[in-house]
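What follows is chain A paired twice: with chain B in the first complex and chain C in the second.
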Partner chain A sequence: MDIVESKVKDQLDVFALREQFPVLARRVHDEKPLVYFDNAATAQRPLKVIEAMDDFYRRYNANVHRGVHQLSVEASEQFELARDSVRRLLNADSVREVVFTRGTTEAVNLVAQAYLRPRLEEGDEILITHMEHHSNIVPWQMLCEQTGAVLKVAPINRQGELLVEELASMINERTKLIGMVHVSNALGTINPVEEVCRIAKKHDVPVLVDGAQATPHMAVDVQALGCDFYCISAHKMYGPTGIGALWARESILEDMPPWQGGGEMITRVSFEGTTYNDLPHKFEAGTPNISGAIGFGKAVEFLEETGYEGIVWQEERLLEYATERMQAIDGLEIIGTAKHKGPVVSFTLEGAHPNDIGTIVDHYGVAIRTGHHCAMPVMQFFDVPATARVSFAPYNIRNEIDIFLEALGKARDMLA
Partner chain B sequence: MSIETAQREIVEEFGLFDDWMDRYQYLIDLGRKLPELDAADMVEDHLLAGCQSQVWLITEGDADRMVFRANSDAAIVSGLIALLLKVYSGRSAQEILDSEPHFVVEIGLSDHLSPTRANGLNAMLAEIRRQAQLALQAA
Partner chain C sequence: MALDKLYQQVILDHNRSPRHYGRLEGATHSARGHDALCGDDILVELRVADGKIQEAAFSGEACAITTASASMLMDWLVGRSRSEVALEHAHFAQLLDDPELPDRPELGAINHLRAVSGFPARVRNTLLPWRATLQALERQQ
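Our next item is the complex of A and B:
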C-alpha cells in the first residue's frame, strides 16, 4: 500500500505542500508510509518553522528585551515580529493585546486567575458548554473551589451541536463569564461564536473562546466575533509546542492585575514596591519561549502563504470523503455529526475497542487518536468510554483515507 | 508451574508466529477466552489508573499463593492480561518480586512496556508487584 501520487491542483497544490513537511516522508513499522491522521492532537511542522527556529539557535540566540548587544536586539526584534504575526492572524487591533503563553491551557488559566478571580463572589456563575476540552473546564472548577462560584453547563444535542437558546436562557445576573470552544476537538463541531457573543453582550457578560482547533482551519477575526478573550496554541497550527497566545481587549488587560511575578514583567523593583511593565509584558514573567515564539510567527506566515481558502477546500473534501466511506461501514457510528464541522471524524465500531483499533491501524502506518480526547464529559454524554478519531490537515490526501479504511477493515476482521 | 516455566511456555507459543498480525490475533483470541468478571468485580475500586482502556484487577489469596483475576474492555489488553495471569497468578509473593517479566520483550511486545504507552501493561505489572509487596508485609 503506497501513497499514490496523483496531482491534485485545483485550489491547493497538495504535493508541493507535502514537500514542506519532512516528517511526511517517514516510514514506520517495516517501511510502511506514515499516514498522519492525528492532526488535532498536534499538527506537523513545515520547513519554514523548523528552519526559523534552527536559525535562531545558530545565529542569534540571546535573551530578549534586556541586552544592548546586537544578538539581543535581533532576538527581541524577531520575538516582537512574531507577536505582530499573531496579531495579524487574529485581526487584533494592537500587539499590546497579544500575550504569549505556553498554550491554550495557560491562557485560560491566566484569565481565570488574573481576570475573573478578583471579580467573583460566592454564588456567581461561570457558564461553559458540554463539549469543552478539559482545559476549558478544570481551570473554572478550580476557581469555583477557590471562590464558591458555581459552574453551569450549557447542553448539546445528539449531533454534538450547542443548544444556543438553552445557553441564552441560562445567562442571568450572576453569570460572570461564558467560556466556549470554537471548534470541538472531540466532535469537530464549529460553534456559532458570533451569535453567542451577541447574546452575551446584551447581558454584559464577557466571552472567552478556546480557539485551539479553530486557527488551524479557518480565518479568525476576534473583532468580528465580538469575543473578549481568545486562546490559541501554536502546535495545533503548524507551530512549535509550548507556546500559544491569549488575545484580550486592551482595556480589559489594562485592568487586570499581573498573574505571575518575576523578571520581564516589571519596570522597577525595590523592596518598598514594584512597578509593573506595560502591556503585554506585564503578563509575561520570566524569560519567554523565544525560539517557540519565533516558530509561532513563522507558522502564521505559513498559513498566510498557503491560504485558508485552499486549506478549507482540501479539508472539506477529505472530511466529506471520509464521512461518506465511514458511514457505509456496518456497525460504525460517527460521534459528532454537526452541520458545521471541522476535519475531524470521531467514531466507535461495534465489537471493537478504540484502543484496539488504534493499535492495529498503527501497524499499517496510520496514526490515529484513541481515548477520551481530554473531553470526558463529551464521552459521558454519548455514553461511550472512548472513541477513535481521525483528524485531517491540508497535506493529507484521499489515498491516505483509503489506506486507513483498509487498515480499519483488517482491524475489524481481527477483532471480530 | 513456576513463573519461569510459564514465561518459557509463552515464549515458545509465540515463537510459532512470524508476523505481528498473527501475534496480535493470538493475543486477541486469548483475551476473548479470559473468564468474564462479575458486575461486582467491575467497580471503581478495582479499576487501574494509567490505562487508556478500562482494566479491572482483583487480588485474592495471600503471600504464599497470590491469585489475580483481571479483565479489560479492550481485546488486545485482555490478551496481555491473560499472559500476565498465566505468569503471575497462583505464585508466591516472593517469587513474583524476584522475577523479571522478560517474556514481554522476547515475544516482540516490548512496545507495550514503554511507560508512554497508554495501554497499561506497565500499570498492571506495577500493581501486581505492589500487591505482592503488600501481601509480604501482611504475612
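Our next item is the complex of A and C:
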C-alpha cells in the first residue's frame, strides 16, 4: 500500500510538513515505505534542525563563553539564542531561568540533588503519581535512600487518569515536593497540572513537572501552569538527543547551590575558594552540548512555524481514527483511555505478545514500541507484562494507520 | 522471507502448545528468567538426580520466541548434565551470532531457532530460557 492522503491546507499542509523530514522518505524491509509510529520514544528531526547543527560544525565550531575570536563569539551567540528560544517555548520570564541539561532525566536529578536534598529531613515526603516515567521515580527513590525521606504515590483510575482529590488528601506538612508527568508516555493521559499546582500552592509545596511528552504536542506556559520546575527533552520535540532543559523560577535557582563543579559554572577559582557563576551558568559545568543546544533552538522555531493549532488538529484526527479502528478489533484492549489524551495508543492483543507484534509489524515497515515504556508501575497497575504502543506526530497520516492495521492483522493471523 | 522463517510452523507450534509447560513437582533446582524490557517472565524448574536432569518444566508468560525456545529447550534438557548444558549454550549463542555456521546436530530441533539471527532484537529472547536454566543449575533449591 502506498502512502496517500489529501491535503488539508487550512489547518496543516501535512505533505509540505513531511517534506521537511528526510527520513520519512525511507524504505525499509524490501522497499516498504517507513511508517514511523514511535514518536513518543523519539520524534524525527526536520531539515531545519539537521542543517543548523551541520552548519555549526562546518562554519563556526568553537567553544562558548571562552574565546575572544570570531568563531567563539558566533558560537556563544547562537548558543544563547537557542536558550532564548527555549524561554519563548515555555513562556518563561528570563533566560536566567533556563538551564540546559542532557534531557528531562538530568533536569529531574538536578532538582532532586541541588534543590530538594539540602531541604529534606528523615520522614519528609515526596509525592509523585502512579503514572510516572522511571525518570520521575528513580531520582526520588535515590534521594529517599540518601535522606530517609519517604516516597508517596498518588493513585490513578482504570482509565489511566490521576485521582486529583486523592492526591490532594495525601499532601501534609511533611510533603516537600510533588513530582508529576504532564503527558504520560505510556498511557497518553494529559494531567491537570494547573489544578494540582493550585492545590499545592495552598500547602506551599513546590511542583516539578515532567514535560517531556507535552512540548511536542501542546503550548506550554509555565507561568500559567503555576509550577515551580518544568523539565523537557529536545529529542521528543523534533530536536537532537542529549539536550534538554530545566526551567525554574529565578528566586528558586538563586537559592540553590550548584550541582556539578567544573569550568563554565565559576567566576573565580583559587585554592582558597571559588565563586560561582551567575544563572543559569551556575548549573552548567563543563563545555556544554553546543550543537545540541543550537538544534534544540531550531526545533523550537520549527514548532513555532508549524503552529500548535495545526499540530493538535492533525494529531487529534489521527488519535480519533486509530482509537476507533482499534477498538473494533476483537481481543484488542487499549490501555489508557483518559478523556484528555495525547496521540498515544498503548494496547494488548489477545494471543499475541507485544514483542511478536512489534517484530511482525516492523516487517511491514511499521515502527512501533513494545515493552514497559519505562513505566513499569503502570504495567503493574494494569496487570500486563508489556504493551505495544503507537504514538503519532503531525507528519503521520491516516493512510499509515491503515498500513499499521493491516500489518497488525497479519501479526494476529500469523500467531493465531 | 525472514519473517516467515522466524515464525515458521515448528516455532509457532511450540508457542501454541508449549511442551513441559507448568509447575514441576519435586523440583530440585529453579530460577526465574525475567526480561523486564520486553515483559518476558518465566520460571524454569528442574529435577536433578545423579548429576543429570531428570525432568524439566517452565511456566510464566512470554513472547512467542521465548516460549518456543523454552519449550524446545525443556525437551532437550532431559538426560543432560550441567556441563553439557553450559557447553551447548555457548555453541548455541555462537550459532545465533553467525548464520554461516552449519547446524549443530547435538542441538536437534533447537537449530530451527537460528532464524532469529536475522532479528538482533530477538536474540535475547531466545537465550533467556537457557540463561534461567544455567542459573537454576548453579543453585540448589
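The working rule: the second predicted complex is superposed on the first by the 414 of 416 C-alpha atoms of A that agree within 3 Å, B and C clash if a C-alpha of one lies under 4 Å from a C-alpha of the other, contacts with A are read in each partner's own complex, and residues count from 1 in each chain.
Quick note on the criterion: contacts are C-beta pairs under 8 Å (C-beta built on N, C-alpha and C of every residue); 3 or more make two chains touch, one makes a residue touch a chain.
Predicted model only: the values in this text are computed from it and were never measured.
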Clash or fit, chain B versus chain C on superposed chain A: clash
First, second, both or neither for A:M379, with chain B first and chain C second: second
First (chain B), second (chain C), both or neither touched by A:H353: both
Partner chain(s) touched by A:G371 [first = chain B, second = chain C, both, neither]: both
Chain B versus chain C as contact partner of A:R96, first or second or both or neither: neither
Which superposed partner A:R88 touches (first chain B, second chain C, both, neither): neither
Common interface residues of chain A - those touching chain B in one complex and chain C in the other: 353, 355-356, 359-360, 363, 370-371, 385-386, 414-415
Of chain A, residues touching chain B in the complex: 29, 352-353, 355-356, 359-360, 363, 370-371, 385-386, 410, 414-415
Chain A-touching residues of chain B, taken from the complex the two chains share: 20-21, 24-25, 28, 52-54, 73-77, 118-119
In the complex with chain C, residue positions of chain A that touch it: 30, 353-356, 359-360, 363, 370-372, 376, 379, 384-386, 414-415
Complex contact set, residues of chain C against chain A: 1-3, 6-7, 12, 15, 36-41, 61-66, 119, 121-122, 125
